[in-house]
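Structures incoming, each one as structure tokens.
Two complexes, one shared chain (subunit A), two partners (subunit B, subunit C).
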Partner chain A sequence: MTFTLDEFNQCINDLYDQSKQIHDRWQLIKTPKGTYLIYSFIDDNCLKYDFHIVFSESYSVPVLYFNISHLDGSLLSLDDVWKLFAHKNNSNMYETITQQEHPILHRPFFILHPCHTEKLLKQVSDQSMNKKFLFWLSIYGQSVGLPLSVNYAID
Partner chain B sequence: MNTSPLDDKEITRELWQSRIPICFLLSEEDKSKVNRSETPEPFYLMLSRHLYFPCIIDKISRYYSTYYKENLTDSTNNISLHNLWLEYESIPLKWHYPIGVLYDLYTSSLSSTSSCHLPWQIIVHLSKFPENELIRFPDKETIEAHYMTTLKEADALKHKGQIIGDMQKRDHKQLWNSLFQDKYENFWNINMKLMSYTDNLQYFRYIPFRIYILDRVFIQKLFSPYDIEHDKWMTLNDLIQFSLNHEAQCERLSNEKEILNINIKDYRIIIHGVQPPLHTPIQWLSEYFSYPDNFLHICLVEKRM
Partner chain C sequence: MSTVEGDENESLGNASNSAVTNEETSSNTTRSGPLNDSEGGAKVVFLLKAAGGAPILKKKKWALPRSKTMGHIVEFLKKYMQLDSQQQQQLFLYVNQSFAPALDTTIGSVNDCFSSEGTLVLHYSLTQAWG
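The block that comes next holds the complex of A and B.
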């Protein structure tokens, strides 16, 4: 169960439109190398979270990239990130969160590895494209602290 | 393709055995913070082209820790093995690229003379880690995870991930361990499965490749090794021309000032330190000339006028 590039672009555009309607923070960034979504916020512990939803051509699925930084700009290390999310994940951390170059910005970001995304999406293969996308986002986003309003699930 | 399988296998063995002599020198800035009467001597290692620098981080750490015994955890100096990074000609070296790729790309492009660049002189830094440019590699498990990630991506491109997905975990481990321990036979016993065909095709669905040009992010595109419409095999020349054209088009669309030079004749095309003939079928190159991560890492170096 995969997405085509057009389906992905449609989903992120739809999410962006919904976000504007409910006054949420998603931003849509268009570049010739691809379009992606950004969500940024600062939590109660003064940590700044930046989430990017980017399309993976190799896997034909969306991938969640993120960075977490202190307010002075210094990035959290991989160890810090694992500690932060350890309570949310049972599986081997080395396999789920790794650090890679963002495919469009080419800066170091953490990612949730996409190799299991297709299997996950099979669970909702009969749903619409947008519902599949939201399902993916809610599962992956939750495990790394991305707040997703329940309003997105309402048509 | 008319090559003999036995000769081709020999090529993979030769590539496996290629090494680069490297001389590690401590940076001037960190030298001044040493607390022994003598400064660290340069030290030399002979490294496999297809390995990654973090694989020898233990060796480097052990060597320098003897010189900084008391103040390695001193955060005021910021000298710390945790902040270790490598530099060549003012460029921080990306740890997650194979050593051979870094060598081919930077020594061919940057040095002022065209004479021999061996041993490759690399500066070791123990402070001021360039966080926005480099990914940190604290340990061997992380580099193993990175290797597996790259390998999975290659299989996703070649076989929709079917072959690596069906492999046992111990096969994955064997790939990494034999790479790390330099065991050619053990590696290829598993790797040859990744070189097979699926879906009744006589070739890979897409070719895993990355093209590196100095001062640019690498180029990676979806490219099929066989042109069904015209019933012909795609060559190295086809792949590079396609990628350059596509990339230049992206740059035009984003109004870049300096558009990429798409004339192949202006570049030397280097894989594993050699220049394969441009008419080589890309399917063959993918099977026999890929790095152990199953990607073709291709360096394009502009010819000097």
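The block that comes next holds the complex of A and C.
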């Protein structure tokens, strides 16, 4: 179960519209190289999280790119990120957070590798495209601290 | 967690762990008012349905106080289903067949958004999400 680029673009546009309706802070960035979504916030520990939802051409699925930085701009290392998420009981995930060049910004970001995304999406193969997208985002996002209001899931 | 139907002694006895708040002792077995316990708090009734290769639970109907979180249920299930460490990474809970709420979301607010006809359906699955 994969997405076409058009379906991905439709989903991120729809999420952006929903975000505006509920006064959330997703941003939609349109570039000649592609369109993607950004969500940024600073947590209680003064860490800045930047999440980008980008389309993977090779896997035909969305991928969650993220960086976490201190307020002075310095980025957390892979080690720091592992320690940050270890308490979320996903202690094996450190094997699968990898660093990859953002396909549009050409800067290194961390990602949760998308090789199992298609299989995960099979669980919701009978759902609409938008629901599949939200399912993906809610599962991947919850493991890396992305706040996602239940309001996105209410029709 | 307390059960709404069936033999409560059976499920509480097997699931002895610190993640479970046992508000009733094994001698207090029958419960006629499922949604309100003696402490006066409202409970949420939910059905646990297996998906994505997860084992089917014998006991599917459960009740928890509104203030318990999704994370509490996940931790409970990890122990109750005796998942190994790899399986524990793969356990996900979702509602409306398509949304996994953040683990700090209370079951009360999930119920308010997604229950229908007084029951909330939660799907749980064991799926490798990344790697």
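Here is the rule we use: the second predicted complex is superposed on the first by the 148 of 155 C-alpha atoms of A that agree within 3 Å, B and C clash if a C-alpha of one lies under 4 Å from a C-alpha of the other, contacts with A are read in each partner's own complex, and residues count from 1 in each chain.
Rule of thumb we're sticking to: a contact is a pair of C-beta atoms (placed from the backbone, for glycine too) under 8 Å apart; a residue touches a chain by one contact, two chains touch by 3 or more.
Everything numeric in this text was worked out from a predicted model, so none of it was measured.
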- Based on the superposition on subunit A, does the combination of subunit B and subunit C result in a clash or a fit? fit
- Of the two partner chains, subunit B (first) and subunit C (second), which one does A:Tyr16 touch, if any: first, second, both, or neither? neither
- Task: Classify the contacts of A:Ala153 with the two partner chains as first (subunit B alone), second (subunit C alone), both, or neither.
- Result: second
- Message: Quick check for you: in the superposed arrangement, does A:Trp82 touch first (subunit B), second (subunit C), both or neither?
- Response: neither
- Message: Quick check on the superposed pair: does A:Glu57 touch subunit B, subunit C, both, or neither? Answer first, second, both or neither.
- Response: first
- Task: Report for A:Lys33: first if it touches subunit B alone, second if subunit C alone, otherwise both or neither.
- Result: first
- Touching A:Gln99, do we find subunit B (first), subunit C (second), both, or neither? first
- Quick one: name whichever of subunit B and subunit C touches more residues of subunit A. C
- Query: Angle at subunit A, subunit B to subunit C, CA centres, as a multiple of 10°?
  - Reply: 130
- Task: Once the structures are superposed on A, label A:Cys115 by its partner contacts, choosing first (subunit B), second (subunit C), both or neither.
- Result: both
- Item | Closest approach of subunit C to subunit B (Cα atoms, Å) | 9
- What part of subunit A is shared between its subunit B contacts and its subunit C contacts? 95, 113, 115
- Query: Which positions of subunit A touch subunit B when the two form their complex?
  - Reply: 31-33, 57-59, 74-75, 77-79, 94-95, 98-101, 106-108, 113, 115, 118
- Flag every residue of subunit B that touches subunit A in the complex, lowest number first. 96, 131-136, 138, 141-142, 144-146, 148-149, 152-153, 156-157, 161, 165, 208, 217, 220-222, 249-251, 253-254
- Message: Per the contact definition, I'd like the list of subunit A residues that touch subunit C in the complex.
- Response: 88-93, 95-96, 112-117, 119-120, 123-124, 127, 131-132, 134-135, 138-140, 142-143, 147-148, 150-154
- Query: What does subunit C use to touch subunit A in their complex?
  - Reply: 51-52, 74-75, 85-86, 88-89, 92, 94-103, 105, 109-110, 113-114, 125, 127-131
